[in-house]
Every structure is written in structure tokens, then in C-alpha cells.
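What follows is a group of structures, each given as C-alpha cells.
After this come two complexes, each holding chain A, first together with chain B and then together with chain C.
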Partner chain A sequence: MKKLLILLFIGLGAMTLNAQTENKPLEGKVTIEVDGLACPFCAYGLEKNLKQIEGVESIDINIDEGSVLLGIAEGKQISENVVLKKIKAAGFTPGTIKRGSDG
Partner chain B sequence: MDRFLIVLVFSLFLFSCKKENKEWTFKGKIELPSKARPLALAKTGNDLWFSDPEQFRLLKVNLNGKVLDSIVGIKRPMNIDFNKGKLYVPEFLTDTIWIFENGRKSALSLNATPEAPAGLNVKDDTIAISDFYNHRIILQINGQVSFIGKEGHDRGELYYPIDVKIQGDKIYVADAYNNQVQVFDFEGKTLNVIGKEDGLNVASAIAFNKEGFAVTDQENSRVLIYDLNGTLQQILTTNINYPTDVLFDENMLYITNFKENTITLYQLN
Partner chain C sequence: MDNNFFGSHNGLHKLFNRLVMVRFKTILLPTIFSVLLSLEMAAQGPPIFTDTPIMLGVQGRGVRTFGNIISKENANIYSQILVVPYNITSKWQVDAVVPYVSISPEGASSSSGLGDLKLFTKYQLYQKDGKGTTLRSLIKLTETFPTGNSSKMPALGSGAYQTTLSLVNGYVTTKYGIYGEVGYTISGNGLRDNFIYNIAVGFPLLPQKYPPNQLNLFLELNGNYVFDNVGNNLYLSPGIQYIAGRKLLFESGLQIPMADAAPNNQQANYILRIGTRILIF
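== the complex of A and B ==
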């Protein structure tokens, strides 16, 4: 029983930590890898979608590398989930997110 | 001797009846400025306009690739069209269709709002626009608007249409992510579906000549040539790198290579 409780606490702790990491707000420069960015029509469509997020100051789509460099306005923070949702809504699968990239 | 003459005349008759079997063959490439990524083409006289959305511009070049003119500051110009001295440019990020004529720029008056216009075709008082994110074609005739298609994968439905061409009383749609060309009448009834069985993987552009039409098979780096009935005639693969547009000019065929700074030329022989 004791073992089960310990495992339960560890599990809950890991879940909370994971959720906190996922929801950590984005700021400054952020590079997001995106699968399937080769098609220009879709890539610029993603650009159009991301532009709708309040606080996004600049977007640099790199079709060759399959990545998006987001510039977030100074003093602004954007929820990572909001960005990921926009990417998924545009029909793409988001990959690794690198924070603080200078491009 | 009589028999010989009969055979000779018959052979000559057969020879004269033999259909000329012309084929498109690779002719060469037009080198463009190093940073250019040509997406779409329009022919004006002896020169070519191409849209370069990566650089937010359009460039006019001669057939040697020398830059003659430019239009800058367009937020992702897509599949352009040239008709009666006017260059029509869909601006993907602002949902605007720009018209350039004699150095003047004006916005096309549209009675419907597209979401990411990817391509268009103008014939007299009729304009057809590929409404990429609304999965439909906007058809405006003398200011009257109607729509063709809706989102889906069945006959008559579209999934991210990129290019559209008006051909007589038919409308041909590059139904990009359904990997096919759909042919509609002006009432929106599907007349034909072409290309799926030929392995099309993202049909991004259509061009017509007298004999038929060409379709870009973007993800397979091919261009497929069809007759007017939609029967496959030839598959072009040589020196084609991610084609996003195709254009006929008499016995020449121009193909954009979006992944490099070139336009490929084929000739009918």
C-alpha cells in the first residue's frame, strides 16, 4: 500500500512538472520545428495563422529547414499551447521548440 | 505491276493518315537571380513575369533570365495571371487581388472574401479564384458571385485548391490535396475527375494549349500532359525540381522549379 502511494505521488509530480513545462509561456525569439513545411502554399498558410496570435511581432518561415522563427513583442508572453494549437489547426505537426533562439 | 501500284498507293495513303506523334523534350533552363524562388508564371510579349513569394516580389525577366522589371512589397504573391494588359496578383497574406497595369496598382473589386487566394484566372468579365482555406472556387461574372466546391474528399468537394483555369464552358481546378484535377461546369456540377490514378501528389497548377493541358505534380517533381479528354499523354521528369507552375507558349512549355532559381523549358518535337 505504501509503495502504491509513493508511486502515485511520483506519477502526479511528474505529470504536474510536465504540464508546467508545456504551459511555460513563450517570449523573445522562439524556433519551432514543423513537419511538412516544404509546400510553399501550406507554409505561408501557417504564417498567416501564426500572425493572428496577439503578441507575435515577426515570423520567419524557413521552408528548407522546416522551421518557424517567432519573434514575440518585448514584454509580451504567449502560451505555448496557443502556438501549438495554431500549428495543428493549419494541418502541421509541431516538433521541438527552442526558446531564446537568435535565429 | 498492278498489284505493286495498289500496294504503293495504299501505303502512301496509310502514311498520310498516320497521326503525328509529337513529344515534349527538355530544351534548357532559364537561370534566375540567385535568391529567386519562382512560384508562378505569366507571359507578357516575349518576357516572363514570375512571382517570388520568398522575397515578397515579382520579377519580369527575358528568356535569358535578365531582370527587366520588378514589383516589390507583395505579401506572398501566388499564382498570377496576365490578361489584356493587366497582371493579376493574389496576395496570400492579405486576401487581396492586386491588378498592375501600366505601372498603376489597384485592388480587384470582389463581392466575396477569399481566405488565402492561391490562384486565379481571368477571361473577359469572368474571374475564378482558388480560395485555399475555404476549399472552394469563387466565380465572379460581371460582379455576380457564385461558389464551386466545399471542403471534402468526395466528388465535387475540394481540399486546398491551388490553381483554377476557365476553359470554354468548363472550370478546371487543381484540387491540390485531393491529388487530382476536377472539372466543373459553371453551375458547379462535376464533369470529370483526372489524375488520381496517375499518382498525382499535390496538383498545384494547370495550363492549357490547343491539344490538352499540363498539370504540375508538385511532390513528385513531375509534369503530366493530358489530352482534352483527360487521357494521360506524357510524363515529364527531366530537370524538374518541385514544380509549382506550368505555362504553354506555342511549342514551348515553361515550368517553375520552386526549389531552385530556375525555370525549365521543354519543346514540342
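== the complex of A and C ==
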């Protein structure tokens, strides 16, 4: 029983750690690959959804690259999961997130 | 006076229509194909006559209105259609289609008013996205209500409930788009069932960017086979479309009959569509 509790504790700890690494806060400039971005006129919903996130200052959609450059207001942080959910809700498939001004 | 004038020139008018169509099929269409093939193609918009499985932006959420000018051998018909969509989720949409119809038959009085109202719903079954590509498939259920007056002549509606189940597919890349739709319509009140088949290809003429500024060309085949030995209707439909920014689209297409199941003196000369889509929601 004691071993089981230890295992359970370790398991929960690992899950929490995993969730934390997957949901690192985003700040500054962030480039997100968006799959399915095949037509400029489809992208309005993506822009609209991302605009709803508090702290997002600018959105630059690059159709050729299939990516979105998000500018996050200085001193603000936004959740990676929130961004990914907004992209999915707009009807697209989110890909890799690159942090930093050079994307 | 006007009636006499048009009446005396009716034969000439028909001859002119036929000549225009022959010229279109033999000269203009091959030219359009050649231009399309020689272009450095870069994305396209929603097809003008064929449905799309993409329910994003003006392609899915835009309120759409268009006028159809239908020139037939025995009548001229004008219909103004309003399509209002509502996306429940990014994968599920409901739409209402409200038509206003005006029919001017040769040698008879014209009639105009509300046509048959349609409600339809689309549900996305499949989506596979890649970098600059998307493959989507949806199922569409359409119900037509006999709201158009079918008791007066000429009739503005079919006088029957009709249910259509369709499968709509599309593969869109940043260089081209291919769309296809097949469906089966079950009709009531003695009307024949029919099988619908549409295919469309679209090419952009301008570099893609966001917000969009796009000029797109389309070539579509739109058909329906009416059962019980009635026959096949098939149209070749070239079209052009301009997308002006995030929320506004203008489009026009011409449908040229390749096969017409209507009786000889009631066949279509052409159908011209001019319309717009505006993103409101």
C-alpha cells in the first residue's frame, strides 16, 4: 500500500511537470505554425479568435509560410494552451511554437 | 409597342444567343484553359456554383447574395438569392436560403414573388491539414419548403417538399483548389428524384497575402440527372471572383448548357450569376 501511494505520488508529479512544460507562458514575439492555412480569405476567423486573447498586441498572418506572428504586449504573458485552443476553434491545426523576436 | 418590338426581333435574339454560345464554346473556353495552364498559379476562393467544405471566413460565414439571370427559349427568369449562414461550431453550420423570383414568359404575363425557401445544415466529417494545404469533407442536408406560389402561372415554386443529402469535398492548396459535390434529392408531390454532381477547380491570379486582395478564376461542371427517363442537365461554368480585403467578395459566373433535359422549346440559353459575399458574423 505504501509503495502504491509512492508510485501514485510520483505519477501525479510527473503529470503536473509535463503539463507545466506543455503550457509555458508566452511573451514577446511568438511565431506559430498553422496547418491548413491554404487560403487568405479563410484566415479572418483565425485573426478574430487570436485577437480575443488578452495581451495579444499584434497579429501578422503569413499565408506563404503557413504561420502567425503574435506580438504580446510588454509585461504580459499568455498561456500556450489558450493560443492553441483558439487556433483549433478557428478551424485550423496548430503546429510548432517558436519563441523570440526572430521566430 | 415594346412587346411588338421584342416580338418581331425574337428570332434574331435567339440566333444571337446561339451564336454567342457557339463562339464561347469554340473560342473563349479554349483560350481560358490556355491562360489557366500558362499561369504561375499561386490560392483561390470558394467556387461560384459548387459548394465548398471549408466553413471559414467569407467562404463559410459570409452572408451571400447573388442574382441569377436565366435566359430560356420561352422565358426570361431573374432570381435574387439571399444565403444566411450561422456557424454553431467551426465544424457545424446551419443556413437559410431565401429566393425572390421573377418570371417573364414569352407571350404571357409575368409573375414574381417569394420562391421556395431552403434550410440546410453542414457538418464536417474529415479534416487533414498540412502546411499550406487542407483536405476537408462534409455532409450536407438540405430541406426545400414549397413556399413559392405554385398555383399561379407561371409558378414561382415547385409545390413540393424536397430533401437532399450531399457529400462535399475539397482539397485546397496555396496554388489551386479542387472541389466536388455529389448528392441525391428525394422529391415529393410527383416530382422526380435527381442526382446532383458538381466539380470545380479554382486558380488565383494575384500573389496571396493577408488581408486578402485576390482575383480568382474558376471552371466548374454542374450537373443533375433527373430520374424516370427525364434526363441529364449539365452546365459548363466559367467564373471570376474578386476578394477585396477581409470581409468582402464579388463574383460572377456564366453557365453554358452542355446537356438539357427540358423539352425543345423550353431549354436554357445561358445562366448568368452576379453576386457578393459579406462577412458579418
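Quick note on the criterion: the second predicted complex is superposed on the first by the 84 of 103 C-alpha atoms of A that agree within 3 Å, B and C clash if a C-alpha of one lies under 4 Å from a C-alpha of the other, contacts with A are read in each partner's own complex, and residues count from 1 in each chain.
What we mean here is this: a contact is a pair of C-beta atoms (placed from the backbone, for glycine too) under 8 Å apart; a residue touches a chain by one contact, two chains touch by 3 or more.
Computed from a predicted model, the values in this text were never measured in an experiment.
When both complexes are superposed on chain A, chain B and chain C clash. Contact with chain B, but none with chain C, is seen for A:51 once the two complexes are overlaid on the shared chain. In the superposed model, A:27 lies in contact with neither chain B nor chain C.
Contacts of A:63 after superposition: both chain B and chain C are touched. In the superposition on chain A, A:41 contacts both chain B and chain C. Of the two partner chains placed around the shared chain by superposition, chain C is the only one that A:89 touches, whereas chain B remains out of contact. Once the two structures are overlaid, the count of chain A residues touched is higher for C than for its counterpart among chain B and chain C. After the shared chain A is superposed, the part of chain C among 3-11, 75-83, 129-137 or 183-191 that runs into chain B is 75-83, by C-alpha clashes.
Overlap of the chain B and chain C interfaces on chain A comprises residues 38-42, 44-45, 47, 63.
Residue ranges of chain A in contact with chain B, taken from their complex: 38-42, 44-45, 47-48, 51, 63. Listed in rising order, the residues of chain C touching chain A in the complex are 43-46, 54-59, 61, 90-91, 127, 129-134, 172-174, 177, 208-212, 214, 243, 246-247, 249, 279. Against chain A, in their complex, chain B makes its touches with residues 37, 39, 53-54, 76, 78, 92-93, 116, 118, 132-133, 160, 162, 176, 202, 204, 218-219, 242, 244, 258.
Within the complex formed with chain C, the chain A residues making contact are 33, 35-45, 47, 61-64, 66, 88-93, 95.
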